[in-house]
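Down below is the structure, laid out as structure tokens.
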Amino acid sequence: MSLDLTFSDEQAGILDAIRKFTKERCPGETVRELAGKFPTELWAELAELGVLPIATEDGGGGALEVVAAMEALGAAVFPGPLAETFLATQILEGDELQEVGAGESIVSLSAAPRGDALSLVPWPEQAKVSLQIDGTNIYRCKTVGSPEMVTSLGGDPYGRVKLERTGEVKNAARGLALFDIAVSAYMAAAGDDLVEVTAEHARTRKQFGRTLGEFQAVAHPLAESSIALSASRTLARAAACAFDEGRDDANGLAAGARLSARKSALFTVYASHQIFGAMGITLEGPVYHVSRRIRQLSSAGASVAVAHEEALALFGINAVSA
Amino acid sequence: MSLDLTFSDEQAGILDAIRKFTKERCPGETVRELAGKFPTELWAELAELGVLPIATEDGGGGALEVVAAMEALGAAVFPGPLAETFLATQILEGDELQEVGAGESIVSLSAAPRGDALSLVPWPEQAKVSLQIDGTNIYRCKTVGSPEMVTSLGGDPYGRVKLERTGEVKNAARGLALFDIAVSAYMAAAGDDLVEVTAEHARTRKQFGRTLGEFQAVAHPLAESSIALSASRTLARAAACAFDEGRDDANGLAAGARLSARKSALFTVYASHQIFGAMGITLEGPVYHVSRRIRQLSSAGASVAVAHEEALALFGINAVSA
Amino acid sequence: MEFDWSVEDAAYRKEFVDFLGEILPENWDEISKHGPGSDLQAEFSKKFCGKMADKGWLTQHWPAEYGGKDAGAWRHAVVGEECWAIGEPRGSQYMNVNWVGPAVMQYGTDEQKKLHLPAIASGNIFWCQGFSEPEAGSDLVSLRTLAIPDGDDYVINGTKIWTSYVQHANYCFLLARTDPDSKRHTGISVFLVPMETPGIEVREIPSVVGARYFHEVFFTDVRVPKGCMLGEVNAGWEVVNFALQYERVGAARYARAALTLDHLAKVAKETGLMDDPIVVDKLAQARCICEAARMLTYRVIDTRAKDAKPTTDTQLARIAGTRTDRAIGELAVEILGPDALEYGSFADANFRLAMTAGVAVGATEVQLNLVARRFLELPKK
Amino acid sequence: MEFDWSVEDAAYRKEFVDFLGEILPENWDEISKHGPGSDLQAEFSKKFCGKMADKGWLTQHWPAEYGGKDAGAWRHAVVGEECWAIGEPRGSQYMNVNWVGPAVMQYGTDEQKKLHLPAIASGNIFWCQGFSEPEAGSDLVSLRTLAIPDGDDYVINGTKIWTSYVQHANYCFLLARTDPDSKRHTGISVFLVPMETPGIEVREIPSVVGARYFHEVFFTDVRVPKGCMLGEVNAGWEVVNFALQYERVGAARYARAALTLDHLAKVAKETGLMDDPIVVDKLAQARCICEAARMLTYRVIDTRAKDAKPTTDTQLARIAGTRTDRAIGELAVEILGPDALEYGSFADANFRLAMTAGVAVGATEVQLNLVARRFLELPKK
């Protein structure tokens, strides 16, 4: 047998277990309520489940297990620095790694600011590990002075603060690849959640004397969304396979997966909001907490330009088919 | 009164006169039959009408008159190097100008080839004036050796041949601006023709037990097309006004008009073909002779990158509103 | 054909821009960020409109007989462009002068004209619109709010939703069904309801668009005199369509978009991003989309300036405006990079504008249907 | 989960690519440019399929009991990718092995199996499909071609349109209405009609897709024995749906798109265009679209490899393939610049492919409807 695109029983088990957990502990109301706060309890519970260090030697898994977890977490729009933590598990060692894996040390990942500007840093009050992406490099940083807090559009607390680099990180490429894979799986799953909620609305809401979903202007964008998301999800899984096998095309596939997931998820955000209308942009409504998270994640990680360059490495993907 | 977006009586007269002419002399069959040939008779008749030198001192008009003419000619998918000829009337003088205006001298405009490659040149057997665009410069050229003939996708005869530059043209900017304006008006009008033919099909054709146009998947892309084309047409007219008044923003507006018309017309090509299905890609069908012309014109003139730079000059357009 | 502003209108624009420079407070950006529904902006806009009224500018496009200056559609467009570009300092009063006033002129009784037109012209009054309902969405004609005659009054019961500017509104331009057995667009009437009438309750719906932007408004046995009805009984659909013609291009979205692009270009130049051809490319493309929307709006104004019959250009302009907001929202996020992650930031605000652009004043789909049917003459299901 | 080819399949791919290298003539690009309907390509593809048959490769994915090698869906995908990428040297015979054969296996009588399966497996025979009709378009079920029983025969009258590969076809996989009073998808049957039967006339419809690509086929009192019917009488809709499941992902469009991208990247490198970030950007984006389409197709193959029930993945893959062709057609024009103006050039060919991509095998709109209804469970009008 050649390719096999189904999760192993164990991977499917991870997906199911986290689904059960999120269903009980992290419904939409919880996500909406947690806006602006660190999800302390949920984070501890997730760590308890052993999810955070899953892609390390002790964790017993790899990128595929991360993908399985992130598909469940994304569907629930689970808060917190998930992909950042998976990234950190690839570049930290010893006690630091232990603490991050145990959910005791929070990771903050920010983009290098332009020029002398302050950095816009997530979780400035919680983070013990502060990392900065610049191109394809990652630097460890320390915070200088105290942050000026701002609300991020994803709802998480951010701060503007000066970061000082204390050293460059080895293994940045592998960390960034796992970040891309994790965030792709999450975005695709969150997008699927949007599609599902929107389709349910379209199946029941009456307008102009007909059910909304009867209109092609409603049905087709949703269908396009689910097609695009389905492809992105599979790309994330494929990249995870390549990552776990240590293949050369892993980074290109991971970047491709992120570009793809980013595009599909944002397309879905627009489609969903167009269909929900005003209801979609209320804070208490059924989709805004999903779309704001997608919107935030779409700007996370290495820059899109870097991802494009990485994805061009996909021109080596014919290795897969040759 | 401030802006006035209606043609003057005289401009409307030009539009009407050429519409009458093309209706009689240049129906769809004629355009289809003329594929691969120079439209010798039609060209002479058009010259007879005084259209070609209309934007010169002797012609008595300017870019707005060119636009009026091109709106009629584009709607009929009239063949021949129309925009090229208008360009030439801005940069030639004396007898050469006379001959081009009288339809006796044919203009060939080609893009500079990459590296040492041969040029791909329209009307290599008919053209007396050979011009080459390189960036925002125009060069007069002579042909070295005899061309290897190829079919162009627009249906016009092209040849691969070596061009030797014999001198740079003054007034290139003005020539290119008028080219852009002319070709925008033509593309928008040809696009409108596609919309009209496709809408007629959608109004009559039955499928799945209903009239095609009842489906939003059919109606909405057509509506989007006509919106985009309508904006492009108005942009071309606005650029013509600026051109005729010698305003600073004329080149930016002209480039903007071409970018806009190119995008709208290509969008319309896809929409129309999607709706016509197989019928659209038959040589004898109602739309292919239109879409192939749009496709060809969409690659004509200065490069898109150059147009983007020019259009950025539109950042001066607030002069219009300030 | 002309594509330049008349000397007078250009001079007026300068005068108006200078006026804006003088009257807008230093922290205007901070104020306008909270949206026109906020207390801060409402307070300012009352002062602002008062000043405009003093200069005779607020309703200068109105006919002289109603206290205007017959200044014409283009002059009104100048005000619209400059106001919308900086975040509409008139607040909700743009509605008053754009379409509430004109609707009253067209359909009002002498008494209504006398009551409402000078009040609007004074810049001292706020309106809100009571169109959408919980069960109706973009489908206005399925509204259920009932107005039943009772003696000299009508008694109104029902719920409106997505209503903006309610908090400060003096009047509501309300659609209600006056024939309970009627369906679709028949049997609807327009009421000009004083918001102080007993029985009106308001609940804010927190949203991403700014403070106090959306509300539910509950009408429970709200009793208004028959003289509050605008136009004939059961002829409200005509009135609202008249009003919507003006509303749909009311917002000069392209003007705000152009200003945003100017800002983005400035940032791109400062940060060296202009050296990136991708950025040049995208800025140019966005500019073309923006100018296309401007052209379509100008066509509508041209028609209006010539007192010609409104065309589907109104819909075209509206849809193009939506597309512009979307293109620019995306671009802002790309150019401003990590800064776009801040809630309420310039880029974020544009993104949220983009998200909501297709929703207001009849969803884009409805507009496309109208274009397809009226302009392309495609059949209706 | 695995995302790598098995050692055996990878080795087979190498063997097959080597075989292609040997058997394809120098001027293959020239030949394939004319399209699979051309005399030149048809002649070559007969020879080519014969050689594949000799090696036991042509139908290796078929079950052993029908002369195949049970080589599985992934092995078949290897052949499909490599063939489609270079312009399908099997010509129309890809239909034979993809879905005509499997449909005969599923629904055929012993006699039909004996007649058709070895013939297809020999690589010596061409099929065409008679689905579309002048009045039907994508709406297959409104077909009007009638097949009326007469003694031991059926007599067929009607017109098919857009039929490809007719010129060289030995058989037509024909849909006809066997119950004249039936409507929509009921009352339709499938016939395996020998093209030499008297009464069949063919007219070429010149098109942009290549020589002899489209035809009208007129059936006038065409008499075929009842044994030509595939499956039960009036149960043709089931048969054709079974066949279409295989047809819809038959073409590995992403493989051709990937090859095109490789070529474009090569040109971009050679001409220095790779220094332009816009080109890098667009190539990367196109690559992502292409790989997305590949993933969806692999999901279909995965399902098939596991003998699971087909899902809407088939539709997803098909639509994604269409999008890929379009993105790459546009890109080719941009990167190849003026050269794209030549008819039949690499860029032009891709553009025309893009223009027609959404049309073949059920228009994109129909596929989107299917996804909306089956997968998203949205209501039908």
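A, B, C and D are the chain letters, set down in written order, and residue numbers restart from 1 in every chain.
We take it that a residue touches a chain if its C-beta (ideal position, glycine included) is under 8 Å from a C-beta of that chain, and two chains touch if they have at least 3 such contacts.
Since the model is a prediction, treat every value here as computed from it, not as a measurement.
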Subunit D and subunit B - chains in contact with each: A, C
Relative to subunit D, chain with the most remote C-alpha centre: C
Gap in Å, rounded to a whole number, between the CA centres of subunit D and subunit C: 52
Euclidean distance of C-alpha centroids - subunit B vs subunit C, Å: 38
Whole-Å separation of chain centres (CA-atom averages), subunit A against subunit B: 47
Of all residues in subunit C, the ones touching two or more other chains: 277-278, 281, 365, 368, 381
Multi-partner residues of subunit B (at least 2 other chains): 215-218, 220, 305
Arrangement of touching chains [line / ring / star / complete / other]: complete
Residue ranges of subunit B in contact with subunit A within the complex: 215-217, 220
Touching residues (chain side subunit A, partner subunit C) in the complex: 110-111, 113-115, 117, 119-120, 150-155, 158, 205-209, 215, 217-218, 269-270, 273-274, 277-278, 280-284, 288, 291-292, 295-296, 299, 303-305
Interface residues, subunit A side, partner subunit D - complex: 1-8, 11, 64, 195, 199, 202-203, 210-211, 213-214, 216, 218-220, 222-224, 226-228, 230-232, 234-235, 237-238, 240-242, 245, 247, 253, 256, 259-260, 263, 305, 307-309, 311-312, 314-315, 317-318, 320-322
Complex contact set, residues of subunit D against subunit A: 1-6, 9-10, 13-14, 17, 72, 74-75, 78, 81, 255, 258, 261-262, 265, 277, 280-281, 283-285, 287-289, 291-293, 295-296, 298-299, 301-302, 305-306, 313, 316, 319-320, 365, 368-369, 371-373, 375-381
Interface residues, subunit C side, partner subunit A - complex: 132, 135-139, 142, 161-162, 205-209, 214, 271, 278, 326, 333-334, 337-345, 348, 351-352, 355-356, 358-359, 363-365, 368
